[in-house]
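For clarity, chains are labelled A, B, C and D in written order, and residue numbers in each chain start from 1.
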């Protein structure tokens, strides 16, 4: 091999097409787990889907210059900033993608919208209803100026779930009776797992509720096509003291038994029941203490004419039961949601050649770009994100009030 | 073939063993679904297990003489009675097995115990806490006389669940964090499914709650080895009017769209959350409106050291996750609970040659006989059945009081 | 409890029905695993199904008087014999049920048929094609006298497989392309597992081939509705010496590392491919060396219009794929074959309350009795059993001849 | 949004890192399905893994200029060529990645190696043993010059399979007894599916055998760590005439019932049994006629101490049975191969956030780059690819010779 030394600038991904292509410059705030996942989405979408506008990874932002420059190099961003206000101010940034912890969402999102930028904001939209209300209001004002603000509920972009929504919207399940959703993980089972920012209320807002519960609340309402109108909840923090990390609380390892302890100020687990607007019953559980369950976002919806079931650990599959068939030949069928006619699959691989977790971010990037370029209404909107926040708040209120049924305002 | 005419008396199952074998005479009240299942249990147990005493199917009781005599002939009972008091009074009846709807449990059970008979009573123990208290008191008085009173929670006798209990009792799951249990059926999805006794409060006490919920409450407490201390509930009757059956309300068919309607006075579905004595969280759902789910009694228990999962539709299997293993090789393992060392399996088939639903009644018969002949304490006792009844009552109270957390008295 | 001493005669299962019921007296030869399973079948069938004639467990036969009398008492047989000729000669025996190792099938079956008895014979029909031919000839002669001879391929009586056959017969799979069948067990994985009769050619005829392969050959042909016309095979004995049992070679335990060794003279595993008459391709594997597989009889059949799949370890389920559906909503559906409209299910439990292994013998008893009393042609006949034997012989021939494709004579 | 018009050149993925990074220039021949998949691999590997050298997508080659330029733009290649000799001759191409049909592999690969380039060649290595031998010889000569030649058996890069190999290499399965592998697809079930290049012997070499069978032969040998020494095979072409495509035979659609027919000259399905060097038995099936199976590459390996099982349709999971555990608690465990300690997972998402099909190509790109930059021996080598080709040839020979067992030369 004639290995050449070359700057990465020269090695850029640069097809020779002479005709200029419109681009949309993305500026991303945050570069941890979500930052890496969003980078994959922005970098890949234009190479897979026919997009009217191609996303350009303009700049990434983080507080630590060394770290953010390394992240830029690793993930393929053209520039690095250490101040999110500077990121927003950049001319080459049309869209601000917010991947920070929830406590900074509102400030960044509102500023970006007011600066005329489109915004994609990770879920949960904010840590409080008040913040989310401010964000939704800013989004509404920005919409009048043609800007788009989208909440990053990426699991709506799992093809199996997008397809499930279409089955329900077509009436294949009939009147809904039951929604049950769990999101089970196990990374806090070990009592020595350290006290990261996700375990502090001031940063994370809540624990399993905001991290995992927000996903299943959004999905349940998205799939059902109707909101929760009230909830009854119980929550628990099983391990109330955890080892404090020596360095900055950004990793998941490094603690030892002898480390100093600090208080966990969020929930380890939350369970709640509820009613949808149509009268269907719903149940939810979010926990990070379910030994052996790694990413078990499981959904089942039963209607008068059929049912669907889903498990994120097998995300290429949807189970569907058609109750209108003769009982002798009816049963939950395992649909591999990998046919070219399935949502998002027009651009991917042959049937059975499954996708993975990260592709939700590729699909999200596709949808954000199309929403912007086609001038469509954003889905899920900040208003949708605010409504989820109201459900989360009602859950916390109910849990604090002896589980009493608590209406979700609308 | 030389087909001979012969009375069934002559064709009886009669081994030539000269040495007399002690027998225990069983008298059963009720001969519908549960009666058929219990008959299989009594008839089979002595042919499979080494029992110190052999059950004899002495007499069966039902109100309709023609029907009960047909049932006796069909199921192998030596005599038929139309009055349960007469059944109890029979000299050849040592044990009264109560398979009637819940509204008659208390009267029959107390009378049988006072007449000096052992009693096995189907679940739920009664329709009200007051009835269950009277039964538990009668059982306590009878215990002093050496009589046994057992509640028929047959699912404790599924080998996979008996084995799961032993894993938990041995500490393989460590401190428990979560119990989740659903019991999903779908035979009421059709709004034209008729108004049987199971849909009338005066006979059934409650709907899915007592029919299905009683099972999962008992199992959750049995497996965890500790009681529920409080619950928060929501329930619903989705279809409030159903066709009245022309004949006696004992079957499941026969209704038509033009039939007269009557009010359903029990719940179609109930959801509740709760806390166990140790602080573990629990969630429950019982419904007969989950299209496509036929008998989906599903349990999962997560502890600090491991988890178990079970589905009654695959009753020969237990899933077990050992969280003390290295993460790289850990995972839920599917144990076929058909090894000779597994509970009840010493008497059955080679590994992998699975059992069915009815064998829970064979195992129950085995355990009842052994409990009586060995003078052991009855498990599950009427006191256990009463405690389940108190949970059910707390569930109903919570559902009536806006889901507020409601303690379970003890 | 007033525990009474009573002979078992008096405790017999004897309903009081005054009208005499026709019975068919069964005499069974053999009382090990198969004997116990058949006993359950004979004892239960009349209590579950509406039968025109009720089977009576007249007599059981084994060489060891003490053991056979114990078996009679345990399994509910009215008499015990130590000579199968005496059993055949009994007036109260109308049907001889042969549950012995394969080396005695032919002699007993032919004698019983010539004595005017009906015969049910466990699979494989015999140890050699010559024996099976003699049996089929005897059966044909007996058929002319109104006698029935049936081969005991009990897995045809698994409701899911009976139902699968009906789907295929109705054309739901279209032209067949592929049949693949495995029967995997693991009880010979341990090289110290002892040298039982099943490992000696003189008693068992062959190893995994006759024990397990016979089942999947019969099922493949039954389900496809057409015969195998040729095979290509390879077989292996991985463990060629095993510990000799001290006592009679009837159990599975008792060997130790220091025990004397004897030669295994049958195959541990056999694989073969083949062609059905229609041109469909087939593959088979039978082994007792597949660690972790307990009773994994797995079948899949693919046709131009659909596919079915089955696993005996989950015997209440059939997977069915309807290829005529739109690709977006198609997939293998898990049918719980427990609906009242499913084969054999008219008499059993509500949907989802599954059956077990032993019920195949209850269903077989039902079918044998009905075939006899209704004068129908026996299915599977001895001719069917002979044809399976010819496939097994062709497999052995091919394995001995370097796997060369070997036609199955017909 | 301030949407700017910009050439894609300007929008390149260009981090600002001042320090030059060594790159390896990739030139790819072919741009259909495999080309798209490989592009994802090359484009992504450097953004996910820590690589000593970063792959640069230098040039892509195809015969149709318009199409190849569109592909370059779509997939992110810096230049496009229409002559593969020109591609090889480019200074910025260090590695030639061959994604064409099998009939051109040998010519391109040998030329590239002789031109001093590294080569990655899609499987099967060639259409004939002679071609593969020429390639392996060229690879050996090139290795002496420090060049690398790798065969593209990408499924070795599925983390679950890489991990399975490590379990077997560590002896966790003990002496191997059985390997069974199927690769089932269904895209040829429809007799109107058109006559693409994959159905013509002159382009594809063989049908399901080379397309699917090559994968499972390679995987079986890779996992077992030993070669097949002989095979016995049967193959079939069920649909012998298919509609000819009007345009170039590169797509999968466009045929109609009235179209002209042409002969299918490859197999639709092939089955074969075999023996590994250790004496373990193996069975294989490759078909594109298994209705409902989309990408069912299923593997099971049984050894004396344990077993593994895998299904490509659930590629994040490995089933593992540890036969050294007590039978009561043993069972196939479902390992989610998504832990950071699992192969390739150090760089991906948290546990349970699964990968997809395309990531095998990312992993392949990582391994190719590391092999080159670290001067390691290539795995799988062209010699490995040749050995697979010899197995395929033995399969075809056996199928042509009445399935007779045919040794695989080595």
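Here is the rule we go by: a contact is a pair of C-beta atoms (placed from the backbone, for glycine too) under 8 Å apart; a residue touches a chain by one contact, two chains touch by 3 or more.
None of these values were measured; they are calculated from a predicted model.
Looking at which of C-D and B-C shares more C-beta pairs in contact, the answer is the pair B-C.
Set against the C-alpha centre of subunit B, every other chain centre is closer than that of D.
Rounded to whole angstrom units, the spacing between the C-alpha centres of subunit C and subunit D is 43.
Remark: subunit A and subunit C have CA centroids separated by 54 Å (rounded to whole angstrom). Rounded to a whole number, the gap between the C-alpha centres of subunit B and subunit C is 33 angstrom.
The set of subunit A residues that touch two or more partner chains comprises 293, 321, 330-332, 336, 351. Taken together, the subunit C residues at the contact with subunit A in this complex read 163, 167, 320-321, 326-336, 339, 341-342, 351. The residues of subunit A lying in touch with subunit B in their complex are 173, 177-178, 180, 182, 184, 186, 189, 191, 232-234, 236, 238, 269, 271-275, 279, 281, 283, 285, 287, 289-293, 300, 302-307, 321, 323, 330-332, 398, 402-405.
Residue ranges on subunit A touching subunit D, taken from their complex, read 1-9, 11-18, 20-25, 33, 37, 39-40, 43-44, 47-48, 53-54, 56-57, 69, 72-80, 91-92, 94-95, 116-118, 146-147, 185, 187, 293-296, 312-316, 336, 338, 349-359, 372-373.
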